[in-house]
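Read through the structures below before going on.
Each of the next two complexes has subunit A plus one more chain, namely subunit B in the first and subunit C in the second.
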Partner chain A sequence: MEKMKLLAEWKYEPKKIERGYAGRTLYVNIGDRSFKEKPVTEDMKEKFVGGRGFGLKLLWDAVKDTTKWNDPENELVISGGPLCGITQYPGSGKCYTVFISPLTEQTYDSNAGGYFGPLLKFSGWDALEVQGKSDRDVILFIDGDNYKVEVYESPFEDINAVTITEALHEYFADSEEDKRNISVASTGKGAETTNWGCLNMSFYDLRRKTPRLKQAGRGGGGTVFRDKKLAAIVVRKRGVGPVSNNPADISVLQRTGLKLHKEIRDLDDQQNKMRKVGTPHLNEIMNEYHLLPVRNYKFGQHPEASKIHSKIFEKLFTQGIPDGCWYGCSMACAKAVDGFELKTGPLKGKKVTVDGPEYETCAGLGSNIGIFDPEWIIEANFYADHYGIDTISLGTGLAFVCECYELGFLNKDITNGLELKFGSKDDLMELIHRMGRGDDKFARIVGLGIHKMKKVFAEKYGAPFDVMEKIGMEGQGIEVSEYVPKESVAQWGGYFLTLKGPQHDEAWLIFMDRVNKQLPTFEDKAEALHYFPNFRLWFSLVGLCKLPWNDIEPADNVIKYKGIEAAKVPEHVQNYVDLFNAVTGKNITKEELIVQSERVYNFQRVFQLRLGKGTRRDHNIPLRAIGPVFPEEWEARAEYYDNELKAAGIDSQGLTTEEKIRKLQEYRLSQWEQLVDAVYKRRGWNKNGIPTVETLKRLGIDYPDVVEVVRKHSKPEDNWEE
Partner chain B sequence: MKWLATYPERCVGCESCMLTCSKTWFKEEDKELSRIQVSSSESGYAINVCNQCGKCIDYCPTLAIKRDNSGVVRIDESKCVGCLMCAGFCPTESMFVVEKREKPFKCIACGICSKECPSEALELKQD
Partner chain C sequence: MIRVNGEEMEWRPGLTVKDILEAKRFVFPMIGVWINDKPVPRDKFEATTVNDGDEVQVIHMISGG
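Showing the complex of A and B:
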């Protein structure tokens, strides 16, 4: 690669990391190419902790109430958190991206593995804020070895992830060994042509001798990235080691990490086989419990699901390689298919390493679009990453398109020649390539996301909006991730009473609620929808991955603890409390851990409100998410659904299937409203889903500007009756 | 391959191997820092030391662990990031981790301890 043209350079002073914090954040305006260092105050650490908390705080200060995703003042903030980069405990390399989303038009946060978060912090920065828009494609380089930030003109004509990431690891490294000291954030052409742009964060795989890509997939962060004309952000820091975080007490990190390594060594094969198959171990489990989305979530099970069983992927994934996406991750779920020869697209014939597919991709770009072909899924996974498109939104979005096509709302004239039925492998792959090229009008409409597709299909092609409202699996503007939530009332909340839409990083309560029946009342469900979203949010504050929390459990977990307590995995919760205190030198308890999260949870809720969202109206749920919409869905589990009606006290004698469906919908919608009320009450929000001033005060986030937003939008009639 | 054979039934528990080892490699007499660990067992003493099986090589994310020309498994400290996966996954738990060292350490079959052993419980072997 030729020498890149330097457009701007800024030098900074080295700074030692103290107890997990660099103590400052880096601001870059990519428009006027200015740079700034901002201090991290004690209040910021106390109230926002780090990671996503810092991201939201910095974004709050940067935008106006009216800021849209593609306004120059929108930012992309990337931050690790105080535990990010510890090497001793599995899952400690996560970073969190925060931005106003093109899909949801409110704040979004999405996390990625890879080495970016740790290397950014060890370069001296708790967070990176990028604001403004460049006039040309640029590469931002944070040189943590020489303490400078540089902006280069991008030499790339092909702005796609694999090409750019490989070239930049090569360009900035002195040797093969040195490549592991670099991480590249990139996306692809699909992030320009769709709202589903993902960010790929790399780490260099010394054994495979190739960069690997881990995605901050959801919410359209890649689309914001390209809107700013960023071609890549590169960070380089050499010499990372066991005490780079300068922890208060390394012995706790050693002891706790070693204990979990041994747990994984002894139990993973019997539990989830994360080391051998990663998250696709869920493929068959979800199918067994009617939770695997099939044909746009119409069904939860399919006879051909055996073709995407984890046993198949176990053979496809290269075994015996320490597939951690950061040092010390013995869970090693970052599986990869090596030597995969691409059959289609611009890289046809090339042999590549494909990261994944994860469970979500197997379901989204598999069963949900009626495809049960592992090779096809792997190919689609590769190109989605390469083009910078989130595989989850893509899968759910394509599933919606297929159903619209089969319902006759779309035809070949509209799709420019593509027959987009469920299972149309060739034509669906071609649609993905058209998104990657951006030269096809229909592909551009699909890339707007389901929320906007519904409007365009109705206005342009006369498709019935009411039907699409029922079957379009989105909430708050973003596509549902890949679990069928229909039969668990608590999971309706886990998906649709969330801060940013139906992803699954807040709560996964289906087994607890539906299978184990541990949440019988609305108050029980509300309690779970208080605890789990807050507990899981905490990972995003400190820079950790959720998986080593409960994808491995101590052997005696279910003996020592029962019911919901067992689901919390108390011993691992204690690990996290210990790790936090050992790094920061603080002395929090497991209860205070939840309060740390609650502060940021409520702050983000108010942030959504400030941007014109964040009320009860925005917690919408499509009918497909709460039960069958069409007779074929009912008939597939007729006995089960007849019993559901009976259990609800509804006499179904003499009713047609359509009438039964309507009855069940009415019943379940009334349950939904009761759930919303119970959850809002538990969270300390008013009837309209707005945190009360008392809640803000209790959490110590009653900053004047935050209180003002709440006061502006709260009405007396939304207060709960005494 | 060089490796240290152990005969725990001959061990008298004098701990001279441990003291020699730590003195040789860490310049202080501290049993905790020994790459061979002797402990009491029901039948007398147990000796825990690396058998150079090399399983740890496959767990290291930075390729810091390699087998040298004599077949001895060695850690390149400049590459080690102290992730402890090698220690956690060692089948015989002979990769040691202590509070005062940020990185793990193990027997490199130097044989010095076997010379100090008064009861011929240790023997350096070459296969």
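Showing the complex of A and C:
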């Protein structure tokens, strides 16, 4: 690669990390190429902790109430958090990207593994804030070894992820060994041509001699990245080690880490087999419990699901190579298929390493679009990453397109010759390539996302909007991730009463609610929809991965603890309290851990309100998410659904299937409204889903500008009756 | 008759925890079982029988990917 043209340079002073914090954040305006250092105050640490909390705080200060996703003042804020980069405990390399989303027009946050977050912090920065828009494609380089930030003109004609990442690891490293001191954030052409742009964060795999890609997939962060004409952000920091985070008490980190390493070593093979197969262990589990999305969530089970069984992927994944995406992660779930020969597309014939597929990709780019071919899924996974398109959004979006095609709302004239039925492997792959190239009108419409597709299909092609509203699996503009939620009332909330849309990072309550029967009342469900979203949000504040929390558990967890307590995995919760205190020198309790999250949860809710969203109206749910829409869905589980009507006290004698569906929908919609009320009350929000001023005061986030937003939108009639 | 997660299930002499899990197709590996509020270790599922009238609780320890 030729020497790149330097456009701007800024030098900064070295700064030692103190107890998990660099104590400052880096601001870059990529439009006018200016740079700034901002201090991290004690109040910022206390109220926002780090990671997503810092991202939201910095974004709040940077944007106006009217800022849109493609306005120059929108930012990408990337931050790890105080625990990010420790090497003693598994899953400690996560970073979080916060931005206003092109899909939802409100804030979004998306996390990724890889080395980016830790290397950014050890370069001296708790967060990187990128604002403005460049006039040309650029590469932002944070050189943590020489304490400077540089902007280069991008020399790349092909801005797709694998091309750029490989080249930049090579360019900025002095040797093969040195490549692992570098992480590249990139996306691809598909992030320009769709709203589903993901961010790929790399780490260099010395054994495979290739960079690996981990995705901050959801919400369209990659689309914002390309809108700013960023081709890549590169960070380099050499000499990272076990004490780079300068923790208050290293011995606690070592002791706590060793305990979990031992659990993983002794128990993972009997539990979730994360080290051998990673998250695809869920493929067959979800199928057994009617939760695997099949054909746009119409069904939860399919006879051909055995073809995507984890045993098949276990054989395809390269085994015997440590697969952690940050130092010290013995859970090692980052699976890869090596030497995979691509059969289609611009890299046809090339042998590549494909990261994944994860469960979500197996389901989204597999069963949900009627495809049960592991090799096809791997190929689609590769190209989605390469083009910078989120596999989950793509899978759910394509499933919607396939159903619209089969219902006759679309045809070959509209799709420019593609037959987009469920299972149409060749034509669906071609559609993905067209999205990656951006030269096809129909592919561009698909890339808008389901929320906008519904409007375009209705306006341009006369498709019935009311039917698409029922079957389009999105909420707040975000495609539903890959679990069938329709039989769990609590999971309706886990998906659709969320801050940013139906992603499963807030709460996954299907088994607890529907199978274990642990949440019989609306108040029980509301309590779970308070605790679990807040507990899980905490990972995003500190820089940790969720998986080591409950994808492994102590051998006696289910003996020592009963019911919902066991589901919290109390010993692992204590690990997190201990880790936080050992790094920061603070002394929080497990209850204070939840309050840390609750502050940011409510702050983000107010932020959505400030941007014109964040009310009850925005917590929409499609009918497909709460039950069958068409007779074939009912008939596939007729006995089950007849019993559901009976349990609801509805006499189904003499009713047609269509009438039964309508009755069940009416009943479940009334349940939905009761759930919404119960959850809002538990969260300290008013009837319209707005946090009350009392809630802001209790949490200590009653900053004048935050209170002003709440007061502006709250009405007396939205208060709860005493 | 026994109750499993609140639902009635036919009982027969010699019915084990493992039999119940198989009949219900509860295949998830991280499962906790309590019989009349007493926990059953995972390695004793095959050897533990239930009595007529027992209350069985089967808890899947999963909260998503």
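Heads up, the rule we're going with is that the second predicted complex is superposed on the first by the 722 of 722 C-alpha atoms of A that agree within 3 Å, B and C clash if a C-alpha of one lies under 4 Å from a C-alpha of the other, contacts with A are read in each partner's own complex, and residues count from 1 in each chain.
Note that a residue touches a chain if its C-beta (ideal position, glycine included) is under 8 Å from a C-beta of that chain, and two chains touch if they have at least 3 such contacts.
Here the structure is a predicted model, which means the values were calculated and not measured.
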Touching A:L206, do we find subunit B (first), subunit C (second), both, or neither? first
I want to verify the contact counts: of subunit B and subunit C, which reaches more residues of subunit A? C
For A:K517, is the partner it touches subunit B (first), subunit C (second), both, or none of the two (neither)? second
Contacts for A:L645 in the overlay, against subunit B (first) and subunit C (second): which applies, first, second, both or neither? neither
First (subunit B), second (subunit C), both or neither: which does A:P322 touch? first
Partner chain in contact with A:S251 - subunit B first, subunit C second, else both or neither: first
Examine A:T87 and indicate which partner it touches, taking first as subunit B and second as subunit C; both and neither are also allowed. first
With the two complexes superposed on chain A, say which partner A:R265 touches: subunit B (first), subunit C (second), both, or neither. first
Subunit C-facing residues of subunit A, complex: 270-272, 279, 282, 284-285, 288-289, 358-360, 483, 494, 504, 507-512, 515-518, 532, 550, 553, 557-559, 562-563, 566-567, 569
In their shared complex, at which residues does subunit A touch subunit B? 87-88, 177, 180, 206-207, 240-243, 250-251, 254, 257-258, 260-262, 264-265, 320-322, 324, 327-328, 330
Contact footprint of subunit A on subunit C as seen in their complex: 5-6, 25-34, 37, 39, 41-42, 57-65
Mind listing the subunit B positions that touch subunit A in their complex? 58-63, 79-85, 87-89, 97, 99, 102-103
